[in-house]
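Quick one: structure below, then a few questions.
Labels for the chains are A, B, C and D, by order of writing; each one numbers its residues from 1.
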Amino acid sequence: MSSGPQAQVTLAPPAPVFARRTLADRESVLGPLMLAPALVYVILLVGVPFVLAILLSFSSATAGSLDFNWVGLRNFTRLLSDPQFHRSLGNTLRFMLVSQVLVMVLAVTAAHVLDAAFVGKRLVRSLLLLPWAAPVALASMAWVWIFDSTFSVVNWTLKVLGLLPGWLYWFGEPGLATVAIITVHVWRMFPFATVIVLAGMSAIPQDIREAAVVDGAGFFRRLFHVNLPMLLPVVTVAVLFGVVFTATDFSVVWLLTRGGPYNSTHVLATLAFQRGILGANLGEGAAVALFLLPVLLVAAVVMLRLARRAEVGT
Amino acid sequence: MSTLTRPPITEEPTALGYVETRGLCKHFGDVRAVDGVDLCVMEGEFVVLLGPSGCGKTTLMRMIAGLERPTAGEIYIAGERVDDDVPPRARGIAMVFQSYALYPHKTAFQNIAFPLEAAQVERSTLRRKVEWAAALFGLERLLDRHPRQLSGGERQRVALARAVVRDPRVFLLDEPLSNLDAKLRAVARFELKQLQRQLGTTTIYVTHDQVEAMGLGDRIAVMDKGKIRQIGTPRDVYDNPADTFVATFLGSPPMNLVEYDERTLVGFRPEHFLPREAFGGEADLVTYRLRVREVEYLGSDRLAYGYLEEERRSDQPVIAAVPITVTLPIAEGEAYEFAVRRRDLRFFDARTGLRKPAPS
Amino acid sequence: MTGRAVLRGAKRVALYTAAAVFTVFAVFPFYWMFLTAFKQNRDLYVGATNLQHVPWIFNDPPTLDHVRLLFFGTPYLVWVKNTALVGLAVVAITLGVAVPAGYSLARLAGRWGERLGIGIFLTYLVPPTLLFIPFARVISLLGLQNKLGALVLVYPTFTIPFCTWLMMGFFRSVPRDLEEQAMIDGYSRLAVIGKVVLPLAVPGMLTVVIFAFTLVLQEFVYALTFISQVERMTLSLGVPVALVRGDVFYWGSLMAACLITSVPIAVVYSSFIDRFIAGLTAGAIKG
Amino acid sequence: MHDRTSRTRGAGDPNHREGVKLGMDESRKAAGAGAAQAEDVRISRREFIRKAAVATAALGMPYFYVPKYSLAQQRTLRILTWSHFVPAFDEWFDPFAQRWGRERGVQVTVDHVSFADIVPRANAEVAAQQGHDLFFFLSPPSAFEPHVLDLRDINQEAERRYGPMVPLVRKSVYNPNSRKFYGFSDNWVPDPGDYLKSVWTAVGYPNGPATWDDLIKAGNEIKRRFPEIQIPIGIGFSQDIDSNMATRAILWSFGASIQDANENVVLNSEQTIRAVEYGVRLFRECMNPAVLSWNAASNNQALNARQTAYILNSISAYRTAQDNRLPVADDIWFVPALRGPGGRWASEHVMGVWVIWRFARSPDLAKEFLLHLVDNYRDAVLASKLYNFPSFMGSVADRRVPVAEKPDAGRRWMRAAVIRDPFGSNPPDKLRVLADAEQWSTNIGHPGPANPAEGEIFDTYLIPDMFAQAATGRLSVREAVQQTHRRCVEIFRKWRQQGLVGGGRDR
């Protein structure tokens, strides 16, 4: 690295000759230099296509064409009066919120379980990581198979246990399809969230927790008044992960329902794909895809700020 | 902001200092953390930078270390200018942080050896030196431990050993004792002083604790609001404060300041302010009538809080520290004759706060 | 005393029950994959209304047909190799770019660091569903069509933003004192990063490795866009291409592919998990 | 062009034919009388696989000793096609293309994508203005018209060689508004009804349903008599390609359609309402919500698991059952399109259309190859196990037959093939109904041509959604029809603005 200059350092010579600053010392140079690759990468490889995508959303481009016939806001205004778009937007938010709430509840509970000492804990922890290690495209296929209403092992089991009077047509009814999609999201993300929360819990100083126990705080008091507030920054990170994953997710919904039945479970990503790519309506698809961006931006900025603030607070 | 322009510095150095700053400034936006500091530290000297938190003492030290870039001014070490273009690593300094900054991923041995590795010291020499430094602080048996396995005192000693091992020109110590408990601190202070005497290394020591400063420093530089208010021997600074800030910052309880006349404040130390009777027949005393509000017994002495029963000074609180040897009764609510020797009075300009001669 | 013992016992039971429930939820799809991967087709395609046919077990002797098809009828191992190659390269690039950038933002960029960091992070939110169209043009201009290099180039666009942000947090959690101490101890800023900061940020980098590799493993849309030759595909792309043929799904082989891919990765992840937890903590809140 | 193509034929064909004959002779020796029985169907399935394996091995060889000069000046042809549902087809096609390339000093690469990924992949290539020379679609890629070459020349050349293409094919590759052949089709796939003979026999229809009405009558009976069958009639109303075909078949058979022959939207009609009403009845009486969720594989799986007794599909479900040696294979029989008040119509199941991008680097080689493919279509049909039907019927005729008679000769050959299925059908004439498939099959866009508007409606599943919304009662039949009609009009308008769709007098 900087062995050259170092070699010149001599200790307490009679007449000191101080080594001068080299490149390796200059923060004003090092800073930009170290940031440059990331910036260049992001600007060139995300920025350029992103700008093109924005241009697309203002054009009537079709079928892969990058000819930008400017149509102004027409794609957007058409979407705003499109009930299917509204449903997709609602679905996106619904899937995101519900699955995140469930993920966090499960993760906090699971983390508390894993925090306790019991036989087989390491094994349980490894097994919990499995969903996260699975390629989502393939794992979703497994769920397609699990929920296939003709062959569903879930239905079979419920039926044998006598818990199912009728029959569950998982992807055939919008409500059940929503349940299925959220289940897969939760399944996929809660292990990771658990790990994050576990990490957060291991960071809560033991003395604070013990103090709470000594004070006679019950489990829920401890949870809500000690653990959760201390976990907030970590939980924010987990939620942020989750929000980003669910909000931009394409694979799960697409593989599970392809937006069906009757386009009732589309999210913006799948609707954009169906309209823009399959329906060859590129401009409109781009508009759909970009619609969520402002929402995500606001959410992300708020949460990042929150995370940082909480961090400074500790 | 003080209206002080340039505080009088007692004992102007005659020779060029070993560490010297000239007109050194550091501004963070509008905040002038260090505002034109001239400091001159002689070779082998132990200088303490003393001041309240936020006074700029740490920033000053960090500039000397090269960790902050001065906004203006010059820094010399061993007669050579270093302020702009010599990185910290090349300045031949050693520094001990308040947190000790031990590398958590390295053992005590590796921590101590780390500066030597930078200098590419040969392996056997390195081992010898580390062992020498460890022996100096009684760390021989802790060398394999990681910092988290060490107690606070042990960590501090590892940090010192690391500072010593490379035989630096200058030690910079940033409140190295503040994380120790009171008992340990006294011992450590003594050891530190001994060590510095023994090694003879020029040392700059930052603290906000006046007891440390008085006990350790060959000279003390009292800082406030980015400026050095006064620099001198502990005794000098204590006895002859250059301004009202120094007068009130040093000493516990601080110097009493009361109005003398329109343009003058008069100051006297609580321990010099005793019941009239304690002085016996001594002449050249100034007497005041003290209305006592509260009395604290501190074992070695009594602190009497009150105010002077004089027309223009009735609103000014005054403290008297009466040694336990003076057995006169002092009751709360009563008024007594108190006195101070005229030679123990110090006069300050009411407007600038600067020391001035006794008004005739 | 007995009351306490009962309470304690109840707590243990609750604990084990909860652990069991979580494990079942996480693992049962994998058990299902396992069954599907080794079941004979006639054991597989049985309607769920047939309550006599227990789907949870092998009713017919298990078969290796599906696994055999996966390994010998498709270039599965080539895809594994490609995925590993791309994964390694992407991890290397991500580390090489995000680590310095994260450090720069945390320590060297001053007040702009935070905003720039958030800005870079936000690019991660751009949905790839449509971005792949303009991306295709960029890749073709670079002449990388149908080369693994295209993926190596593109995947960092979504690993770098996130990992830069992640690393920024980690570097902030490394006490400044340590770095300054090292600078005084005789090292340049650059040497300090190498000798002090990076060793302390290992958990963070581990996080980056896991994150980047997971994304590479998951990604599908860009792979589809840029790679058309079967021998150059990654797992997520190749498996459906070979095993979803028109309206016939080779369920057994599909599930075998998912299972055989996931388990080793989960094993590797779980061996990292302790450091990973430590890493995340350091990054998110100061340890 | 003419010169080149004729040269192609001269050089390529005889060798290849000889190879096939040789293989056939060997197979006769090896497999004896059991193998290829049909006179005209000359190659056994096992033989094909073996040939494919040999070819693959042979293809591997050049990698080890490629002559130095050949790489430098070699021309390349890059082909992208789907992963054919019959794996043996790919095993035939890839070496076939390679062999053609070797004979011409052309380096040929064949890439495959999953059927669902064809369109996204095409989008990416257009956006990149780079990719393959030859690109294969499963449905008419009319939306890509601006980006592809006019293939009038090879379409005409193929017709010159083999007689006219099947009419539904013409409507799927030719845009009458722009007068452009945007594609070249080598094959299409019929979409008959598949039924379980034992079940239908038990309810009094030993030969399966003939009308849409039969479907409901028998469906109710099946529901009563066979409670273990979850979905008596398995017609998808879901976001999937099979559902698209099936719901269009209902529309057409009830005399309704999305557009008329002149590309005006006419969906909102009494006929459509009756068709949808029929769909609602079918759904409520003989199906269940599972069909709202079906993907392309679902109806196959349900039929093979005896969970439904009737599906509309290609023969893929049947072939899968055979491959997996499921006993149900023998119970699967076929019926032609069902008759309704408006006639008897089924959509093609697959319309295989090749395009050559404007940015293709070797368009001439691509054209040459397509003609070569059609020249060898008999092999292709067999490699696909009778899944692929030739777009130029004449291309499967015996080569000695004069051009004028080729289409009929080809049809006879196809009839012979399906009547004596060489791939192990029991009885061998089980596929007989496919012989007349041409009569009851039509194209997307019927009675008009395929066009981008029809394509978008197809790919966004508006028609199955219309049925599903009405069937579940989310919308009344009339509302569902009207809503879908409005959306269709919107889509047509948009594409008319691009000049790719005709008409303009929407209802």
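We adopt the following convention: contacts are C-beta pairs under 8 Å (C-beta built on N, C-alpha and C of every residue); 3 or more make two chains touch, one makes a residue touch a chain.
The structure displayed is predicted, hence computed values, not measured ones.
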Inset, instruction - Averaging each chain's C-alpha atoms to get its centre, pick out the one most distant from subunit B. - result: D
Legend entry - For subunit A paired with subunit D, centre-to-centre distance based on mean C-alpha positions, whole Å: 40
Inset, instruction - Give, as an integer number of Å, the spacing between the C-alpha centres of subunit D and subunit B. - result: 91
Legend entry - Whole-Å gap between the CA centroids of subunit A and subunit C: 12
Legend entry - Intercentroid distance (Cα basis), subunit B paired with subunit A, Å: 53
Legend entry - Residues of subunit C engaged with two or more neighbouring chains: 45-47, 49, 133-134, 137, 186-189, 191, 221, 240, 249
Inset, instruction - Find every residue in subunit B that makes contact with two or more other chains and list them. - result: 87, 89, 91, 118-119, 166
Inset, instruction - Could you list which residues of subunit A touch at least two other chains? - result: 5-6, 9, 22, 25, 64, 66, 150-151, 167, 273, 277, 282
Legend entry - Those chain pairs that satisfy the touch definition: A-B, A-C, A-D, B-C, C-D
Inset, instruction - Could you pull out which subunit D residues touch subunit A in their complex? - result: 119-120, 122-127, 143-144, 146-147, 230-231, 237-240, 288-293, 295, 298, 301-302, 305, 307, 452, 455-456, 459-461, 464-465, 468-469, 472, 474, 494, 497-498
Inset, instruction - Provide the residue numbers of subunit A that touch subunit C in the complex, in ascending order. - result: 1-2, 5-6, 9, 22-27, 30-35, 37-39, 41-42, 45-50, 52-53, 56, 64, 66, 106, 109-110, 113-114, 116, 118, 120-122, 124-139, 141-143, 145-146, 150-153, 155-157, 159-160, 167, 187, 190-191, 195-196, 198-200, 202-203, 233-234, 236-237, 244, 247-248, 250-251, 268-270, 272-273, 276-277, 282, 285-286, 289-290, 292-293, 296-297, 300-301, 304, 307-308, 310-311, 314
Legend entry - Residue ranges of subunit A in contact with subunit D within the complex: 60, 62-66, 144, 148-151, 167, 169-173, 177, 257-263, 273-275, 277-282
Legend entry - subunit C to subunit B touching residues, read off their complex: 175, 177-178, 180-189, 191, 195-196, 199-200
Legend entry - Parts of subunit D lying in touch with subunit C, wherever the complex brings them together: 80, 82-87, 109, 111-117, 120-121, 123-125, 127-132, 228, 230, 241-242, 296-297, 299-302, 304-307, 313-314, 316-317, 320, 324, 326-327, 350
